[in-house]
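First subunit A sits with subunit B, and in the next complex the same chain sits with subunit C.
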Partner chain A sequence: MSRRSSTNYQRAAWGFLAPGVVAVVLVLHLPVLYTVFLSFTDFNGLGDPEFIGIDNYVRMFRDPAVLTSITNTLLWVVGTLVVPVGLGLVVAYLAFGLPGGAWLRVPFLVPYALSGVAVGVVFSFVLQNGGALSQALAFLNLPGSELRWLQDAPLNTFAMIIASAWQGVGVNALLFTVGLQSIPKEPLEAAKVDGAVGWRLFRFMIWPLLRPSTTIVVGLSIVNSLKTFDIVQSMTQGGPNRVSETLGVTMYRNTFLNSEYGLGAAVALFLTVITLAASIIYLRRQLTIGEPVKKAVRS
Partner chain B sequence: MRPTRSAAAAAVLLLGAAALSGCSAGGSSGADSGELTFITDKTWDFDTFSAESKKDIDVSLATTAYADQEAFQAFVKQSFRTNKSPGLFTWHTGGQLEELVAEDLVAPTTDIWTKAVENGDVAESVRDLYTVDGEQYCTPISVDDWVMYYDKRTFEEYGLTAPTTWEEMMTVSDTLVDNGVTPFWNAGGNPWAFVWFQILAAGTDLDLYTGLTTGEVDWTDPEVVDVMNIWLDMKEKGYFTDPGSKVAAETQMKDQEVAMIPFGTWYASTLTTVGLESGTDWGVFPIPNVNPDQETTPVAIETAPACTAENSPQKDLGLEYAEWWMSSEAQTAWSEQEGNLPYNPNAEASTEEFQAIGAEFADPSYEFYLRWYEAAPAPILTASLDQFTGFMTNPGDPTPYLEGIQQVADEYWAGN
Partner chain C sequence: MSGRIGLITRYVVLGGLGIIWLLPIYLLLANAGKLTSEYSGSELWSPGNLPALLSNVGEVFSTTDVPSGLGVTFLYATIAPLIAVILGAGIGFAVIVLKLKHGFFWFFVVFCGTVFPLQIMVIPLFASFSQIGLFDTFAGMTIVYAAVATPFSAFVMRNFFAGIAETVFEAAVVDGASAWRIFTRIYLPMSRSALVVVFILQATWVWNDLLLALVLTQSASTRPVMPLLAALQSTEGGGSAYTVVLTAALIVSIPTALLFMFTQRVFQRGLSLGQY
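Let's look at the complex of A and B:
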């Protein structure tokens, strides 16, 4: 009787789940499979795709601009880890525990409400040749007013990383603040009694205890930076002459500018594989580091 | 209770399926109501124009405008796979129209064109732009000739007159440079990086330009290198605005920072938006030949086609509207509204400037050619915009940039 009842409940549960499952399969899984299929075809968005084997992948890796794109994407990963994540941690740590600390974080959080494209448009006016930044530097007699922030590589990629950081610092600071708030007070107080203060307190107590938050922030940062698109598209369109292109922009360019959907799909899959690989490797490493600690606590 | 719960779950499932099928299937066409679905990537005021057509032929436009060109094209391409393909949509001539025709996606308009040409509503040369394999497809909303806009205030200030030859234009440029005014606007990136290459290549040898669009001429040919070197020389003389500037061309002219802007006749309405008035603040002149020995003076044209999808439920209504758009009534109304030059000789241009240039271009010494953006196949266009931007940003030996385009051109022509 109870078994039948349980089965009925399961059927009802599946009934409720089914629309969601169908929607996910239709709008997420099937397009991925279709993209895999397209990557082996020659297709201009009209008519029927023609199977051409691995030609798109061969073309992709032979294109020197794709290699530049991969290099730029890696610069974005490193840059995003150093600047927005690093600054986010600094902001969170310095503001933590201070009276009115929450208010100190607010200015950093406000830009997060903007879209990447809006940030790109604003910064492209600031950073254009003779733009606000160059004018300000010239007015203050500081060096750099002659620099072409968005035209020379790799300076343009660094400039865009800074623009992205302006937007991203706040949310990272918020995540780190939540992490700092979740650290139990007792071990910190014990460490202080033992004489740990300042950098030693941070390095040997707070940093290890902040690991769960760091894992999330760094993981999100890696994934987001690998798929960087909007800010680059709105600031330089990957130019001039493709020198600031990222893999996301390369994918867009092949698909929508050149109507080479197969080649665009190949870049999309390559980007997906890199993103998944980076996420898995990073998370496994973090979990492996965490494991002995857990065992030690249990024993 | 349990059967009810299962039934509820099934109902939700059905509802979801119905909603999803609703996404892919089309509803009523709206063709009977006289409201035509119109999808466009243009920023023109189609609502005002719709009121005109409502009055004239009792058909109004239900316009959906896309700000992003690539998103617009992706949408239109996808719509052909559904029964919601638009009754009318804007597109491009050249390779992009040929793509649609190759797949039988766009309705032929040969009958409309035959009648329009017989009525004298449109020139035979314009029909060629809409002809693929002997049949016509789509009809023009506008046909814009490329002219040189110049700042009359600046010219007056330095005692200059509109040049009629390339040499005169260079002399005018030298005077402007000496007085701290940049002679010409130019910009990098997509879409405008092609402008000066187009002017210099067609003005040097129109066959050379055409050969590049058909693959008969290599980008590394010495003649093409020479064209690039003219561009380099002009750049080194300080004739061009900063290609990295984000300040709009019309703003630069308004501020009298730049004196001349090469654009299509559609640009008149943009100049009006910054308060520059036709005839008093700005004028236009034909862009002279770089090579004085060239027999005709080439004039770039661009045209905005309105097309009807072959499988659209509003096909008949779309074609009716397309035919009306070519009429002298519609073209006069369009010119009044947009301030551009109407392609229908029976229609009247709204400004004296364009009336004069329209009369000038009627002279057989002018030869019309399709601008680079439509004439070049998509991958070559994209590569050329990239390389031209690179050349403008880091001017020097043009060979590496031309080799970059040639590499893409080789790949493209090998497969086409």
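Let's look at the complex of A and C:
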């Protein structure tokens, strides 16, 4: 019955579907395809693109700036998994079940209200030579006050990963907290009765049960760190001398500052392929209409 | 006893980390609250004061493009997500409620839009917008933001509609309502909470966007705040005018901070949907 009544609405359904599909295909998908094409041409922004085969890709993998950028992007991925994800889990776990724990998480959420660019502005200020961090280190007699945080590689990439971590920890802690809350109480109580505490309780009970949250946090962190652009662009613009670029920044620089559109397109395609590969980790989960997702929306 | 020590350790670690986490915010406020003339590179940790902060706010509003940027960004961040929410709801409605044939295929086509980095779209957008006169226009930016926000919106709305009982639709059909009426009078009002989640997340995203804004705008009347802030940072950062740059960073963060504060629950729901 329901099937029949619904199939009578096929024409109407097209009317509801079409505007969104047309917008997405015209504005997103066609440009994606055209970028793939451009990556095999010598397009410079003017005139007609001419087909040059895989020259851009050959140039790309021989370009020291691009190779540095690939290394930096990998550093971003690893750094983002270690610092914001790891620390997010620590904060969530320490605050979980603690009286007043929700309040103790608040400081970590405050930076999330800032944009990537605003975080960049604040940390450029804190990390400038002789800036607030250097002064604090000197005052406390700690080493490092003479470091040029944003000038020397790979220190500048690490410094920017910390800036990004400062922004991201709270959100990850929040996601892990939601995960911790959804762990059923009974098995935990049973494990505690059996004497599992501390690290053993975490390692053998909580960590496995937390897996759905971990998958989402890790998947999102990998994908987002691959696409890193805002913080680097606002803090170092990839410099000095292109040593702190990520793939997102390299693509922007090659294309819009150096007018090498074909090369920029090749970098963009390379970035997209890695991002797609990484996305598969959590996409499969998102595409099946998952129970947790439905509950999350409707609660 | 050891449990007690554990508890205290947890408070100390969390509290200590929390204080470290607030230090950059303190530095932001302290130095946005210093006059450019009083600013000294050696007293970065000393607190600022409110009159100086207000004077810097005045400075931002009178000497930079930030005020016009705030206005136009506000328009982008409300209009584009609104369009995306409606387009996404339409897709979800067609695929789930009206059971469009091959609906999942079309949904998947749209959903693919969430996984591509923006970097792979910007060259053709820049080139084609320049040719058809949409480059550096309000309409052009709104279209791009709306299109980029649509896949996520379709994803959430599809999941939401899948959770509504089919009998709702059948009852409306028996009453003789048209598909349009069922959509606007029954399904949209029912899904208000999901629509709000999508709207807020996408409004925040549009507000914070840097890449599309850098590539697709250049004049003061169309350029959003984030590229303006980034430009201020690279021209004024480093010197004593840093106080004004920090104040600008503070000003452009207030709208999203307020939105975040008042809708924290909504944010939490949205975050578990996989976007931030």
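Worth pointing out:
Just so we're on the same page, the second predicted complex is superposed on the first by the 273 of 299 C-alpha atoms of A that agree within 3 Å, B and C clash if a C-alpha of one lies under 4 Å from a C-alpha of the other, contacts with A are read in each partner's own complex, and residues count from 1 in each chain.
Note that contacts are C-beta pairs under 8 Å (C-beta built on N, C-alpha and C of every residue); 3 or more make two chains touch, one makes a residue touch a chain.
Just so it is clear, the model here is predicted, and its values are computed rather than measured.
For subunit A, the partner with contacts to more residues, out of subunit B and subunit C, is C.
In the superposition on chain A, contact of A:Pro19 is made with both subunit B and subunit C. Applying the stated contact rule after C-alpha superposition, one finds that A:Gly45 touches each of subunit B and subunit C. Once chain A of one complex is fitted onto chain A of the other, the partner contacts of A:Gln128 extend to both subunit B and subunit C. With both structures placed on the common chain, the touch criterion links A:Trp199 to neither subunit B nor subunit C.
Using the contact criterion defined above for the overlaid structures, shared-chain residue A:Ser259 touches subunit B, although it does not reach subunit C. When both complexes are overlaid on chain A, the residue A:Asn241 reaches subunit B alone and has no touch with subunit C. Comparing the two complexes, residues 12, 14-16, 19, 23, 26, 45, 124-125, 128, 130-131, 237, 252, 256 of subunit A contact subunit B in one case and subunit C in the other.
In the complex of the two chains, the subunit C residues touching subunit A come out as 6-7, 10-11, 13-15, 17-19, 21-22, 24-25, 27-28, 31, 41-42, 44-45, 87-88, 90-91, 93-95, 97-101, 103, 106, 108-113, 115-128, 143-144, 146-148, 150-151, 154-156, 158-160, 162-163, 166, 169-170, 173, 178-180, 183, 193-194, 197, 207-208, 210-211, 214-215, 226, 229-230, 233-234, 237-238, 242, 245-246, 248-250, 252-253, 256-257, 260-261, 268-269, 271-276. Residues 2, 5-6, 8-10, 12-13, 15-17, 20, 70-71, 73-74, 77-78, 80, 99-100, 102-103, 105, 188-190, 242, 244-246, 378-379, 382, 386-387, 389-390, 392-394, 401, 404 of subunit B are the ones touching subunit A in the complex. Residues of subunit A that touch subunit B in their complex: 8, 11-12, 14-16, 18-19, 22-23, 26, 44-47, 124-125, 128-131, 148, 150-151, 237, 239-243, 252-253, 256-260. Residues 1-3, 5-7, 9-10, 12-17, 19-21, 23-32, 34-35, 38, 45, 87, 91, 94-95, 98, 101, 104, 106-108, 110-118, 120-126, 128, 130-132, 135-136, 166, 169, 171, 174-175, 178, 198, 216, 219-220, 223-224, 226-227, 229-230, 233-234, 237, 247-248, 251-252, 255-256, 261, 264-265, 267-269, 271-272, 275-276, 279, 282-283, 286-287, 289-290, 292-294, 296-299 of subunit A touch subunit C in their complex.
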